[in-house]
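So, here's a batch of structures to check.
Each of the next two complexes has chain A plus one more chain, namely chain B in the first and chain C in the second.
Here is the complex of A and B:
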């Protein structure tokens, strides 16, 4: 890691390669790192994810290594889901709450070995984890900068990894982990991602990052491999129906105003809450909420027309009943999707609502009242996402 | 391991005065209550200790000055053996040259005092009593929650607000101005005499990790003066030492049907996920009950008895952040006969004696504590209880007890090596005012905050189970979110000094906790 007085934003170990490929020179900031917004053209990159393979540098994702005799017990108190059910070699999506049952963040837990876990998160949360570690025999290390990570997502991703020589990768199940020898070190591969497609995430020590990048792109040459930036990933994740912390909810500890945080139930993540396990953060409040009802309901909306309903008010009749947090015209699903939070008594599947969409054409603002329908899940969910052994395309 | 039958409604952990008081009120309301106490005698820090053959002394608190009169009356403590052998004692600020100042509840005397200081004292005293009265109005009920819009809580807040308004414009302004600042500045504002300023300001810092220039010391002073609101015109002495108070409260509790088990250490409070099911004693015996009321301090309760891993992170964080650094040691001297104090009559030797010549002396003494060192010149609060109660000592002998500030719980060099030199230093300090006292010493002991912590199971050896300061009182005591005696753990209540309104041998935390539990009825 560079001292902060030399550079305001840090660079990932892939930066030299990324900078060369980033023809548009468009950059975003992600938790203190420089990260590409788009390399060439957002739609091309998006279609690489859906039709061939896109490669995304996810090194800036916060990565915490949790080890020690109480690692499992520690995580089980920290997270709302029952971590005891996640076997070694498996990955699980999870959220964690404060005492008030409000979501602090979401992320993935990698069960690397007995009482050895990696927790990937959007937020920096070392302080919260240290507080949470009181009474547990665990060691928590921030390994964000010590682990370089690339996601390769898309139908040809398995074929590319096979071409790299990772034998048997096709038999890796979704949310599974496997390790391979690579350039003298161990490369960890997990069948995970943020696109809702067939895809993998590759985890390696920073020294080998450029070598991994080079060999991956060499192997993918004939499989339509393409580096992708944050913009294309954003489109893919909305199409897949994945929440983005900081966008679809405000991490509880970052909220300033009362009532601006959300519970797992209010984000449609009730399936991540297990009351059949020992105490966990938020348990009492969530039980109470389950009994008394939630304030909000998270819904997917299929919006009429093709204008993305970004930041729209959601109306029932003339009354504002909610707002949109993420929205996009999704090219593969060919739907205009919006994520919205509405008052809990609205938003049952099939309910018709109205999105008040504002858009601008040549400095002229227009408004449409787009009809929308509450749908149970987003429409992009191809069989190849789960198919094992993964197919070649 | 045996499992006893679940025939108790409530288990109280700790037979400190608050635990026993809480147990009494609960038993009187028809609950079947068991009190388990790790020590052999009830009373907690209201204890009497035979530290040398034939010499007994109040081991921790040595004055009684704010036991709530309602508690005294409701529990009929005087018919259960409580006997005051001295009441309304003066406080005497000692001067090496014998020019002492005597502070009574409403006047001061001393050759070094000017008329303007005497007048100022009367004015100051009246104002402080008004302020303490205001605090007292909020202390006899549970601390209000700010967000729940509960009628009782709103009434408490309204009463506090109305009470402030009723102080009148000048005094209300002064209250708001003074309550958060430091006693040093307030003394400078009011008085000229250094010895007088020191004698008043020490009441703002006793037992705390604060010096006269620390914020919150005016609050600490007002808290101490609650005793005056409760009818104490100065400290009182109990026959048999403070342990006798513990015995009287225990006797009263038992007469109300409370079952008391001493020499029974609780290893843990048992939980079913987040609900209390009883306690397990050291040795393995399990006792069931749906309600457990902890008289232990919040850190002991949550960290040791419940376990941080069994509560939510936010609560664990708040508990671990409670400031509870004990800074007071106790010195006990067994004396052949009554020592001479320069300029003090024998009758005066039975009053409360203070060694703290100036506020800067106290502040300098505190400086050391900030850096983990003991004071080279400590401030002392001295009691010679045997002058009022000869049952404490062999005939003709005397026993001296002194609260010594400052002696940090976490001493840099460790108390094992420092205890003896510090004890001698404190004795030297007293000898400057009582020449010849050293020759009278039969035996002596120093209880450091670590000793007090292990003897009375108080985290940090802090008397009040957590600093008494504005950020840790009312709805913030013991920590935000756990007020009103209930906790995040279903069926677990706090009734000790760590709960509202706080420490001192006052008894309101125990009484209020019982009121709250009774009020919540079956739901509690």
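Here is the complex of A and C:
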């Protein structure tokens, strides 16, 4: 049994550095850790991601290490996508469902070695994974606190890693993994992120966290490196069209009310479901849904005007047909984007809907009925995101 | 080869736009979007006009003319999908004025820091700044909705003009009686007197007054300069009114994406094609003749050039009514500024300012008193450059990684004042070099290591700006921004709706409403009028409602 922990909020191994840089002293809470909301100015931090490089501490992300002879077979049972296709040294985005075919969470699977995986997730999954692991010869370890992680995202991120001496990093493909010697230990670098830009995530043991931070910022000095908080990341991920668990869907296990969970199809993630696998959690329910149709449809909306459609009802004519889950004016794409869940018969690409937007100016509320167009994907998708070898800026 | 050329010169386009500046390209893009076959003719071997980035020193890109971005209308950026074509505008915040006594005044983007900084000089001024901000914001709220509209003709009884006059009248009426009086005063008074009504601190006033004289042949105590300040405050970056940003890759990026958008609609651009004459037959425009004699034909000809150049240089006076020749001659487009673009071997330090201060990322000004500002103008009146010049300088490479090698920097230095002629004579190369040296000496007074870091320097006086860009007298706004030349008076009364005096001939440059700066609104507004005349579908977006 572990001893009592009287700490209100935990600190990540980068905390001393973050606290020094966090001039605004604005903090968020993330899975029991104190994490920066913004360091100096949200806008500047956001633009570091899009113009130079932003550094984000993602240590509190839930990290599970899955090893053992059946590790691959277990993950193929847990996840809806075919994990056998993800080779060693590659990362894959994935969702996993309960038996009702409802999404429990989304995350990334890192294939570190033969039958050696790391699963990064928003939700805590130990219980569900243990149930799912019945009959499989696997070991599942929560290594959240044992691995420190920084994301470096933005057009100069590759140039900065090169300046750190990581030779050949420019040839790392999107979703690829490579390891480098760093300060006497192994540093893992993956070309992954949550911003839709060129970017990398760096994984290291906590003892070397401060050293990594210091060397990264020293190398980035002439490349516009800046630490970024959760607020800037949130804006970047909406612009890039990425779902946030807990915001754009409720993890199935946490829902109380009927019908509040969503299937992968209802989140626009049908491409992650591989029915050619004979068995995986939720398969039967998802097949059924595929046959009978979904209840909801996830859509990206291009909203007229410049008022973000936060928390708006989506109307067709006078009828409410859905709600917005995330919305923002996107400063690089220069467009007003909303994510919405609408009744399944609405929301085909190109369809015009209406967002009922409320906004307040000098205490007075105003309402606009903003025309929206359903778009296939969000508009931010720069070539540098995939370009290999990666450019210097 | 000869045959190909002949085909070129005999082809008839639907519209020809003269000048590939940002407004010409915007205008052309909207005409092409409506389905017209459009040709843009540019005299230089590169596009952009005053919205240009050039590599004059290896591996350095200069924003040679315009250097920061705020006024570019977001409606146009979004509608023409400029981000998809590669445009990124990165905002920066704040500004700073260096003082002769070694101190500096920092205008921090953070509100509370700014309050404390003003309070170092005067608690009262720090508090008065709130009232000042609200009052200026009232004026920006009044003007912003009219940027994407054609000004009404107040003498016309056409339904459209009456309707637009009512819109204008309603906006004024919403200001209230007192607000209306304030507005009339604001639009006509000097920035010096306006600031005197709020503040007692000289350096604060000098710091703010710069926006009232930039690009303008007037002094801080000349009537009309308060509006010029408003012109610098009425833009926005992502909804933050008054904010400014860098176009990633320099201001040429704006022209490049506009060109890409235009070309995506099938448009055609010809460089090295200086227009010598707009061809007019039977009172109708029928095309243009290049300086080299080549002719291109179209029933719609749009000039992105300034009003003087348009009517006095590339049109035949015999084709024009007398009044427009007279008005063009009287049009105020006086040269008043110069520019230095400098490649630096490293980041210079500035006296008194910490090395990592956010103020170094912003507009840095020299001239810490209203007296020095006014004296700088006295030199202009005496037909010489300011011996103690006002500068607005930035080092965008601290934010934009694309304009110089890592660790190296580019500095853009806007200089006020530089007269169009020196002691009644044309600028000479020697004058230009002395002007440049004077500015470098001025900056070096506040930055001891600055001179040693200079690798290359481009000096531009009104002569270079006129010769290269084509702006008469090197006036950056294509005509002064005084009340007599604004709204339905821009460029001239009776000609403010983008239509020229000859059928099929139009104006789309910053010499038309709503005026100078990299705004693209004149080009878009002109396109709307042209499409209306051609009875084609309007492709120009309406302005965002401004709350």
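Here is the rule we go by: the second predicted complex is superposed on the first by the 387 of 393 C-alpha atoms of A that agree within 3 Å, B and C clash if a C-alpha of one lies under 4 Å from a C-alpha of the other, contacts with A are read in each partner's own complex, and residues count from 1 in each chain.
The rule we apply is simple: a contact is a pair of C-beta atoms (placed from the backbone, for glycine too) under 8 Å apart; a residue touches a chain by one contact, two chains touch by 3 or more.
It should be emphasised that the depicted structure is a prediction, and the values quoted were computed from it without experimental measurement.
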{"item": "First, second, both or neither for A:279, with chain B first and chain C second", "value": "first"}
{"item": "Partner chain in contact with A:367 - chain B first, chain C second, else both or neither", "value": "neither"}
{"item": "Chain B versus chain C as contact partner of A:84, first or second or both or neither", "value": "neither"}
{"item": "Of chain C and chain B, partner touching more chain A residues", "value": "C"}
{"item": "Touched partner set for A:359, first chain B, second chain C, both or neither", "value": "second"}
{"item": "Contacts of A:136 with chain B and chain C, given as first, second, both or neither", "value": "first"}
{"item": "First, second, both or neither for A:50, with chain B first and chain C second", "value": "second"}
{"item": "Footprint of chain A on chain C - complex, ascending", "value": "74, 77-78, 81-84, 87-88, 90-91, 93, 109-110, 237-240, 248, 358, 398-402, 406-407, 544-545, 547"}
{"item": "Residues on chain B engaged by chain A in the complex (per definition of touch)", "value": "271, 273-274, 303, 307-317, 320, 481, 488, 490"}
{"item": "Footprint of chain B on chain A - complex, ascending", "value": "70, 73-74, 77-78, 98-100, 128, 131-132, 134-136, 278-284"}
{"item": "Chain A residues within the chain C interface of the complex", "value": "40-41, 43-44, 47, 50-52, 155-156, 159, 222-224, 305-307, 329, 331-335, 359, 361, 366, 368, 379-380, 393"}
